[in-house]
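Chain nomenclature is as follows: A, B, C and D, assigned in order of appearance, with residue numbering initiated at 1 for each chain independently.
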Amino acid sequence: MEEQVMVHLQDLHKTFGSTKAVDGVSLDIDKGEIRGLVGENGSGKSTLMCMVAGLLKPDSGSMTVEGQPYAPQHQAHANDKGVSMIVQEVNTLAGMTVAENIFVGHEQKFINHGLRDLKAMFVEAKEYLEEMQISGINVKSDIDAYTLEQRKLIELVRAAHIKPKLLIIDETTTVLSQKGRAELYKLIHKTKDSGNSVVFISHDLREVLDLCDSVTVMRDGQLVDTVSARGMSENDLKSLMVGRDLVGSYYREDYGMLTSSEVVLEVRNLNCPGKLNDVSFELYRGEILGFGGLSESGMHNLGKALFGVEYNTTGSVTLEGETINIHSIKEAIKSGIGYVPKDREHEALINNADILDNICITCMDQLQKGVYLSPIKKKNFAREQARRLNIKMNDVDQFVYTLSGGNKQKVTLTKWLARGANIFVLDSPTRGIDVMTKAMIYDLLTCMKNDGCSIIVISEELLELIGVSDRILILKNGNISGEFVRSKDLSEEDLVSCMI
Amino acid sequence: MNKLKKGMVLVGALVITYVVFKILQPSRFGSLSSMFILLQQCMISVIMAYGTYFLLEMGAFDMTLGANAILSAIVGCRLSVIFGLPGLLIGALITGACLGLVNGIMTSKIKAPSMIISVGLVIIYESLGLVVMGGGSTLRIDSQFRGLGMAPWSIVISLMIAAIIFFLDRYTCFGVHVNAIGSSEPIARSMGININKTKITAFLISGVCAALMGVVNLCYNTTISAATNLSSTTTVFQPLMACMIGLAFKKHMNPIVAILLGSFFLALLQNGLLTNGLESSMQNIFVGVALLVVIKVTSNPRRYDVIK
Amino acid sequence: MKKETLPKILKSSAILIGLIVLVVFFAIVTKGQSITLRNLKLILGQSIILMLVSTGVFFVMTLGCMDFSVGANLALSCYVMAKVSTVNIPLGIILTLVTGLIIGCWNGVIHAKLKLPSFLVTLSTMYILNGLVIQLTASEPVPVPFELFKLDEFAFKIPLLFVVLFIAYYLFRYTRFGSDCRMIGAGETAAIYSGIDVDKVKIQAFCIAGVLASLAGFMNGIRTGAASANAGSDMPFNVLIALVIGGLPSGGGAKSRFSAPVIGSILISVLSNGLVLINLAPMVQNLVKGIIFIVLIIIMAEKQMPKFLHKKTIGVLAEEKLSQ
Amino acid sequence: SQTATVEPSPEIGTTPMAVKDPIKIGFLHIGETGGLAIETNRLVDYVGEVLGVEVVYGGALTSVDSVITNAENLIAAGVDGIIVCNFTEQSMVNIAKMCEENHVYFAQYFRTLTDKDVIAQLEGNKYYVGRTYESEYDVAYKLGMELVIAGSKNVALLSYNHGDTTAETRYKGYRDVFNENGVKIVAEEWDIAADGGAEVASNLLAAYPEIDGWALISSSYAPGVRVALENAGKGKMPIVGVDFYDSMEEDMRDGYLLAIGGGHQASAFYSFLMVYNAINGAYNSANFPMDVQDNILVLKNYEDYQNYKKWYVGDVLPYTAEEIKAMTITFNPTHTIADIQKAAKAISLEDVMTRHEGVVK
């Protein structure tokens, strides 16, 4: 038994201020095993693994790797011990080359007689990239020149190049396209085959079940159970996570109910060099229009373009008859468009401001009477708005960075609802959000729909698209490559066929 | 291509400036000898510019460099009377290193941005300079050391510094770590980079450079006098500007070269204006404009880019 | 319900405590001389100019930007007032403020529209204005008409100061402008995505800084009786120190408090006044000043690099961002 | 506006200060660096010590505003008199007002009033004792003349910041003497930092080969000019300038410095005495303001310099304790302002040498 265990965690504890993030977790991870780790938002998965990877120090508890006592001081140290992790948030160093990013913390590796051997570094970096069949990345060029996904892949290389005994992957798949995921899965299996272990964190239970040998479930910082993936169903997992049975799926149940024929938004020949070409479509009142595709298909740019933040777009966007300037956020907002961006950390919310400010920010013109803006009024307004989506918080003066991803997303939606927007553009609205919060967001969409709001949902999760939208448009390198109307027997395969 | 073009901007600016002034003042401006004098002068100020390089890379600012240069020079000058050349160099360098160390420790240990701390420190260093000065108002360096401030040596010294900085930047972990910290301190820390050590080292280097510049400058001017009321900070701005130019071109040419070109450009500009009989007040105006132009040319931000 | 821990409360009021400690100390050492009504009024009077300027810069720093040109602005405005007032005083006052407005507007527009770092933009403005003022005041300082000297009275200055402070406070606390400033300082990208007209707000903030600096120039004029080149030369750093020891997060943002410019400026005046009262040797005076600044900075400053000094600001602007 | 006098410190209660409380005189000093400043401070400290007066130094003078601020702080510190070297005349109006309100006597040094509006304002101010000033114009004129005699035809002129009264008057002196004698100012540079001489001079030499003489509004640039000359291999070239500096000895000895003006540190000293006596009720305020003119020394050769060093700034200062006391009402009941005026008018190298024959060894 003993030699079977790769990593052993003994009674780990971690608290942040008032929150018990990880509360006495003991865990064994065997050699050559792929271990899934699931749990609701804030259940402690990231925190637990961050401690294993040396990003956080446990308050108490001990760890061993292959029986050897193990207490990592920092990430590089953990790497030396054979543990590496890909974290939830983007974790690359801007303004430095790809190669430097891959080897940061391991420079001494390339010091031969006192000199830093750049050539060797570039060569080796290149090798790793090729080894993982990641193309289109120049190791010498600046990391800023690459997209979020490419940067994640580079982090992947950084984590993999040390041939770790334990590889931890925290909610990474959400930012990866199908192709990127394929690479990730390949890496995971390779690691397994070479007798090493993998911990895989994701909210996509299906993915977890397909990929992993066994699954550990966490709730409120405590370990609920570790079960074999075989013969496990998603619903079983969900009920383990939530602690009670969940019946049915959380998607809309209604089918074939016809939406109004009144066009609220008409897009004609939207062009955006290298991202979109000649995209035309219309959005009807009370319709949920889904956009699907690979992450590079341009669907995210489409969202930005509609909101006026995409650069050098051309084409016309007509709102209830009148054409609007597609280069002005102001005008987009004035004409009732609300946009929920994919990048929650920087674009959606002001993390180091309180909930109050984040909600009121869009509603100043309503709140300010003449030259007077009443703080009390502001507070009450924010309070009642926050209550609408019952955001989990102490009070509206809590800072947003202290909120869980799910609650952050609620705040983002609130700020547009508060403004009374009637056209919503939601980019990856449920990314990295747990099942419960997901369900409530879907219900919310339906309510909004019924209130006559028109909603555009951009998502990489096809089931979600099928589940919520009345109509689905698939984008493929900048063009609309397929249209599907809501129906029971619409399958992922149908969509995928248009995507690639 | 674009990369090259951007790089040429700096050289182009130099050439154009030269040509314009040459046309305006054919007889007075731009003789070989005067250009050589100019080179000597900017070789001195560039030492400090190199000192600030790593700091700017980390996004740190050190306003004490001017005061540091003066204090170190004073100490060196006093010691040179007793111990000769070793006294001058070692005394000054050790002083500079100590001050740099203090700045480094302060900025890495104290919860406050470097620029603001350093402003506080300037006041202290300046008054220390007065104390060391010991009543007198100006010190004069023995003429035997004047060589240090002139053609072969001053240039040799600053080229040496340039080489060292280049080496550190390109061929040591330190260079990478500085860059990493400048890019994101938390990530750098999580990668096991020793933030404090790196910071302190960077400040140490800048301190030493400042001291060296002080010495060379002293040997060039032969006299040194203490500064008061933050007046020493004015000496920081020119090297700072040169270094910023260097960083601005980082992506297009070797920063070490760019810094040198940058400081020579500034010197050329002022010299040109001087020979056109413009007072230094007027020269300020031009330097201001030049600064603006340089940043504008080197930057091409996009809509919604965040620039503070 | 906020769970304010004791250290937190202490920190939030640290600067006030520091101020009180300082005042008490001087009061004891000077046997009460330093807290006579007259001296207190004196200190207030001396801090007016700095307070005006730092109130203006306060908005700019809340944005996360910086304005180094205020000193030179002060000098130039002072010159304009001295010159024009000899012709017509009201006109002089108006033009003074207009000067400040133009300078602020210039800074704002160049920074916001051309997207150049405020730190460098205002530095260049500083150089330009300095040169200009030296040119203009060459040969001799320009006297201010004596009618204006009458204004150098508490009866005029204090009400004016309070009016300005009130307006500024109102702007900051009770209008969307104030909250927009804080939001931009806290997260500019998200602010843009929430429909805040960032450029407009920035320009407005710089204009306020400019106008208040020129108002300070006016005050300086009636106080010193003439416009001279070196007026306000020590402003930029004093403002920085005042704001930071006043407790303004050096990156600005949502945590900015309006008390910063007020308390910071007063504290600086108390310090220089007290050091003279206890008759320290001039050399020692500077030393002590420096040390006390450092200590206060250590207590007050937040660990957070001022955004206007961020790497992106100082050079590495060149590369294009392909990703979005 | 507030007219209460300075509250005396508690434990002395209300006893009039004239009795025991030592007199306090505020000294707005021009700095701690620069030969002139240092000698001035030294002399003032000395006279304070001789007369048992507490000298209160103001803070640093960075800008015009700081002059006023420091004056205010000195008054708040409870001084009985102030001596001030103002940056701009206009600032005296404010200071005068302050002093009158608080019954503090004040006098200028190194400065007088020329702006008639300002004079009008200060007329009949019962506390404006007077001023000591030297003719900056004359000294510049004299020095310029030395250059003329030395045969310079194209001179370069270096100065510190524009707008400074002293700098501008000296400039006029140079300009006139050169105009009258057909000497051309081929290049003039202002706003030069104290140690910026070498750089500017080098550039000027490169650009204006015809330069054959240097007129310095502040002689602190002299060492720099010398360096520039040596570097450019131009050999010696006559340099004249105002204000003594520490290391002028070498430059005099080696014959680079043709002539130098300065040594007027006594200026503050006389103003100090005036204020001291005024406080002790020596003068009838009807005669205020009273003028004291003193001389700027001009050293023309190395020997002059050695004498200056020996007699002027040696262990014995230009005035001994006895001589000082003789100029005060407290020790010499027959004292009148004339004593001070006479002393100031007379002061020169020779004067000191004769007076201190035997005292200095």
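The criterion applied here is as follows: contacts are C-beta pairs under 8 Å (C-beta built on N, C-alpha and C of every residue); 3 or more make two chains touch, one makes a residue touch a chain.
From a predicted model like this one, the values you see are computed outputs, not experimental measurements.
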Inset, instruction - May I ask which two chains are joined by the most contacting C-beta pairs? - result: B-C
Inset, instruction - Please indicate the chain closest to the centre of the assembly, with centres calculated from CA atoms only. - result: C
Inset, instruction - Take the average of all CA coordinates in chain B, do the same for chain C, and state the distance between these two points in whole angstrom. - result: 28
Inset, instruction - Please work out the Cα centroid separation of chain A and chain B, and write it as a whole number of Å. - result: 45
Legend entry - Where chain B and chain D are represented by their mean Cα positions, the distance between them in whole Å: 36
Inset, instruction - Identify all positions of chain D at which a residue touches two or more other chains, and write them in rising order. - result: 32, 60, 62, 162, 190-191
Inset, instruction - Hunt down the residues of chain C that sit against at least two other chains at once, touch-wise. - result: 134, 138, 189, 192, 234, 283, 286, 311, 316, 319-321
Legend entry - Contacts with 2+ other chains: residues of chain A: 95, 142, 309, 311
Inset, instruction - Mind listing each pair of touching chains for me? - result: A-B, A-C, B-C, B-D, C-D
Inset, instruction - State the interface residues of chain C toward chain A in the complex, per the touch definition above. - result: 1-3, 173-176, 179-180, 182-183, 186-187, 189-197, 253-255, 311, 316, 319-324
Legend entry - Interface residues, chain C side, partner chain B - complex: 63-65, 110-111, 114-121, 123-128, 130-132, 134-135, 138, 188-189, 192, 234, 237, 240-241, 244, 250, 283-284, 286-287, 289-291, 293-294, 297-298, 300-321
Inset, instruction - Spell out the part of chain A that touches chain B in their complex, as residue ranges. - result: 54-55, 73-77, 91-96, 100, 104-105, 107-108, 111, 114-116, 118, 142, 309, 311
Inset, instruction - Over in the complex, which chain B residues touch chain A? Could you list them? - result: 170-173, 175-177, 179-180, 182-184, 187-193, 251, 302-304
Inset, instruction - In the complex, go through chain C and note every residue touching chain D. - result: 30-34, 36-39, 41-42, 45-46, 49, 134, 137-141, 143-144, 146, 149, 152-155, 220, 223-226, 228-234, 272-273, 275-277, 279-283, 285-286
